[in-house]
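In the two assemblies presented below, chain A is common to both, partnered first by chain B and then by chain C.
For the complex of A and B:
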C-alpha cells in the first residue's frame, strides 16, 4: 500500500495514536533511534509551521531561524537567567517571535517574489549579530543549562527520552492539526489565492497584507515553540546554533523535499531528510563536517530538476498514472 | 433615479501620458453600460481607477453615493463592486471550484454555504464540467467565464467586466453573451468594457465612448454608432467624411 492510500484509509488521528503508542511498545526510550524519531517530529513540525506562510501563502521566508531562535532563547533565559521553569519563557518567547515576525515582515511584504526572500536572508544576519553581542542573553557564548530535576516541570530528562518524545509529539500534533484545519477553511483558501495571484485575491475581497501578517505571526509562534523544545533538548543555546542560515534552510528544505504547500509534505520530507542527516553525521563524520549538507544539497538540486513537487509530487504522479492505466484498462474491457 | 456609480472628472496620469482626461459618467442601478473605445483609449485604466487598483490623479468615484476614490481594491470589492481582468488571471494551482470559493467566502462566511453558492455561480457560467480541474489548464473562453463566476461569487451589487468577449471564438462569444444576459436578467448592474462594438450593442442600455483618454460620446447604442466623432475615432477621419458625404448625397 502506498503512503497516500495509508493516509487516506486510516487518516490523520490514527497516525497520531500510532505515534503516541511507540514508547508504550518500547520503540522509543533511550538510544539513537529515539533521538532520530524525536528529530523527525521536530523537523516535521518546523517545516509545517514554515509551510503556513511559505507553502500555502507562497511567501518564501529564509528568516524562520530568527523566530525559532527567539523561542529557544525564551526557554533558556527563563531557566538559566531567571532560574524558573522554562514554561513562562516558552510562552513569552513564542509571543515575542510572533510580534517580531509582524514588525519585520510588514516592510518585507511590500517586496514581491524573490526580493521578499532576499530581505528575509538579511534579517537572519541582523539577528545573529545582535544576539552575538548581546550580553544579557549570553552573547557569543550563549546560555548553558545547569543540572535540573527530570520531569515535566523543568521539561528536562537526562537519560530516558520518552518525555521529550511526548513533548515534541504534542507540538507536532498541534502544528499539523492547526494547518489541517486552516487549509480547509477560509484562511487556507485566501492564502493559496494570495500565492497564486495577490491582485486577483484582492479583487475578491482578500486583505492580502493582513492575511499574510496573520499567517506569518502564527507561523513564527509555532516555529518558536519548536525552538524552545530545541533548547530544552540540547540543554543550551547560542546564536549560530539557532539563528543561522543553516537553521533557516532546514525549514525550507524539509518542506520543499516533502512537497511545498501540501499537508503531508513536511512530514514526508522530515522522514527522509532527518535519518539521512543523522546517520550520515554518525557514520561519515570522519570525512569531515558538512557531508550531510552536501548530500542535502544534492538531493534538493535533483529534486528541483526532476520533481519540483517534492515527494508529494512523486506520489501524485504515481497515483495519477495508476488511475490512468486503470481507466485505460476499463476502456479496453468495455470495448472487448 | 440616483446613480449606483458616478465617475466624476476622473483623470489618470502615467508620467507624461494622460490615460484618462476628465472623464465623467453615471451608471444607473440595474442597467448595463458599455464602455467602448479603440485600443489604448484608457478603458482598462478607468476600470482600475474605479476598482481601487489605481488612485486617480484627479476626480472622484462614488459608489452608492459614497466616495470610494483611492480605496484599496479589497475594500472596494467588499462594498459590492466586483471586477474581472482583461488578461485572465486564473489562480492556476487551484481548481475551478476553489477559484470560485475564494470569491464565495466574501459573501458567505461559512464553508458549507460558500461551497453551495460557489457551485451555483459555477453553473451560471457553464463551468460544471471543469469543476475539479486545475484552472490553469482551461481554454481562454472558459477562463474568461471563470473570471465572471469568481467575481459573481462575491455577491456583488455591480459587476465590472473588462473585455469579457474579446479574443473568443464565435461559439465562446455566444456562450459569454448568454451568461451576461442571464446576469442582466437577475437585475445586476454591469459596466462592461469592450472594443468590439458588435458584441456590446445588443446588451447595453447605454454606451460611453472613450478615445485618447477622453469621453467623446455617451448615449443609447443606436445613437452612438451614428455619432461622427465615434466613427472618426474608430475608422479614421477620411472614412467618417466619406460616410457623411454618402449620407448627404442620398438624402
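For the complex of A and C:
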C-alpha cells in the first residue's frame, strides 16, 4: 500500500487518537497553548459544520452565527435562568437551531448568488437586534454565569482545561466523522450534484429542496453545538459576541482559507488562522489596537488573490506538479 | 397629521442619502457583478476626509464633499487595480477579498485615529432649520438629501445620455461584444469602480455636517446599501433610489410609531419580505 492510500484509510482515526492523547502526555493542561488548541478544534468544527451546506451544498450562507447563537443561548439559558445543568439547554438549543434553519432557509433558497448572501446578512441583523431587546434572554447585557461546581455535570472547569478539551474534541470528532460519512454517501453525491447544477440534478430525480434543507438543518444543529460549547467556555453570552456578521464570517473564512468543499480544508484553515490570530493578538497589542485584524484582513485578501482554493488548493498544486515530474521521469526511464 | 408628515419627510431625507450611497454599490454590482463588501468602509473614509478638511483647514462639509469624492474615486480605482482585477468573475472571491479589505480599512483607521467619536463643530448648516407650514425641515439633512439627488441625477444622465455611459451599459450587458466593438472594457471597469467610490465618497463627505465620525460608522450604512441594491434590482439606478426611499420611510415610520429599537428590525424585515416576493428585486429582471 502506498503512503497516500494509508493516509486516506487510516489518517483520520490516527489523528483522533493523537488528539485524544495530547492531555495524557501533558501538552494540554492549563496554559495559553491549551486555550489555542481548544479554539483550533472549535473553529475547525464550526467550519466543517458550515462546509456541509456552504461547501458541499454550494449555498454560501452568512447566517450561521444565528444558529451558533441559538445554541449558545440554549446552554446559557439552562444554566443562568433555569439554574439546571446545561445539557437540556444544549439539546433544545440545537434542535431549535435546526428548526429555525429550515424555516428561514426554505424561502431563501429561492434566491441566487449575491441575493442569497444579502438575505442571510439581513437575517443575522434581525436576530441580533431581537436578542438585544429581548429581556427574557438578558437583552443587550446578555447572560452571565455564576460560579458552578467543576465537572462534566455542569460542563465547567475553572483552571484545568482538559475537560473543555475533551468536550470540544468530542464535538470535533462528531462533526468531522459525520461529514466524512456524508461525503462518501449517496447524499454527498446529491449535494455536490446540486452545487454543480441544480436543474440538471433535479432532472435526474434529485429532490434538491429537500436535500438542501436537510443539509442546512444538520449544519445548523452542529453549529449550535459549537455555540453551546462557546458559551460554556466563555462563561457568558451576549448578542454581539455570538450573533453577529463577524461571527458568521468566521465560519466562512476558516472554511474558505482551508479549502471550501474539502474534508481536510476546515481543519487546515483553523490550524493556520487560529494560532495566527491568537498569538498576533497577544504579541502585537503594543502596536496599538486592531493590528491583529489588519494582518488577518491582509491574509484574506492575499489568499483570495493568489489561491482562492485555500490551503488545500496549494497542496493540490504541489502534489500535481510532483506527479507531473515523476511521470516525466518514468517516461525517460522507459525510453532509455 | 403634521406629525405623520414630519416623520415621512424625515424618512425621505434619509432615503435620498441612502440612494446615493447605494448607487455606487449598484453600479459596480450591475457592471461587473461584484458585491463590494468594503462599501460601508468607503463611506467611513469619506467622512474622515471631510472631517479632517473641516477640522484642519476650516472648510465646510458643504464644500469638502468634493475632496471626499475625489479621494474615494482614487481609492476605488486602487481597489479595482490591486484587489478586484485579478479575481473578477471568480464566484465568492471578490466578496471575501473586499471583506478582508474592509477589515484592513476599518482597523487602520481605528489604529491611526482612535475609536473616538469626532464631531465637526461650527459648520455652516449646524442647527439651522426652516418650516414648511408646521413641519420642521432640518437644513443639514435637507441639503444632504438635495445634493444626493443632484449627484444621482447627474450619474443617471451620464449613464443614459453620454457615449461614455453607453459604453458602460454595453460592457455591463456583454463584455465580449463590447470589447469587439472597440470599447476598452478594462478601462470601463476601472472607471466604474472609481465612480462607484466617488458616489459613496460624496455621501460620506456630506455626512459630518450632522453625524459623528468614527471607525464603525460605515457598517450599518453598508448593510443598508446592500438591502437597497438587492431590493431595487441590480444595476438599476432609479430602482435603487425608489428602494432607498422606501427603506428611509420604513426606518422613520417604524422608529416613531413602533419604537426606535425596532427600526432596523422593521427595515431588514421589509427587505426580506420584498426580496422573497420578488427574488430579483423590484426592478430586476
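Convention: the second predicted complex is superposed on the first by the 323 of 336 C-alpha atoms of A that agree within 3 Å, B and C clash if a C-alpha of one lies under 4 Å from a C-alpha of the other, contacts with A are read in each partner's own complex, and residues count from 1 in each chain.
In this section, a residue touches a chain if its C-beta (ideal position, glycine included) is under 8 Å from a C-beta of that chain, and two chains touch if they have at least 3 such contacts.
Keep in mind that what you see is a predicted model, and the values were worked out from it rather than measured.
Number of chain A residues touched is higher for C, counting chain B against chain C.
Once the two complexes are overlaid on the shared chain, A:203 sits against chain B while remaining clear of chain C. Applying the stated contact rule after C-alpha superposition, one finds that A:177 touches neither chain B nor chain C. Contacts of A:189 after superposition: chain B is touched, whereas chain C is not reached.
By the touch criterion stated above, A:119 is placed in contact with chain C alone, chain B being left untouched.
Contact with neither chain B nor chain C is seen for A:82 once the two complexes are overlaid on the shared chain.
Chain B meets chain A in the complex at residues 51, 53, 72-74, 77-78, 82-83, 85, 89, 91-94, 98, 101-103, 105-106, 109, 111, 114, 150-151, 153-154. Chain A contributes residues 184-186, 189-190, 192-193, 195-197, 199-208, 261 to its touches with chain B in the complex. Partner chain C is touched in their complex by these residues of chain A: 60, 107-108, 110-112, 114-115, 117-119, 121-123, 125-126, 129-130, 132-133, 249, 252-253, 256, 287-291, 293-294, 296-301, 304-305, 308. On the chain C side of its complex with chain A, the touching residues are 29, 33, 35, 83, 86-87, 90-97, 99-104, 106-108, 110-111, 115, 223, 226-227, 229-230, 234, 261-262, 264-265, 268-269, 271-272, 275-276, 279-281.
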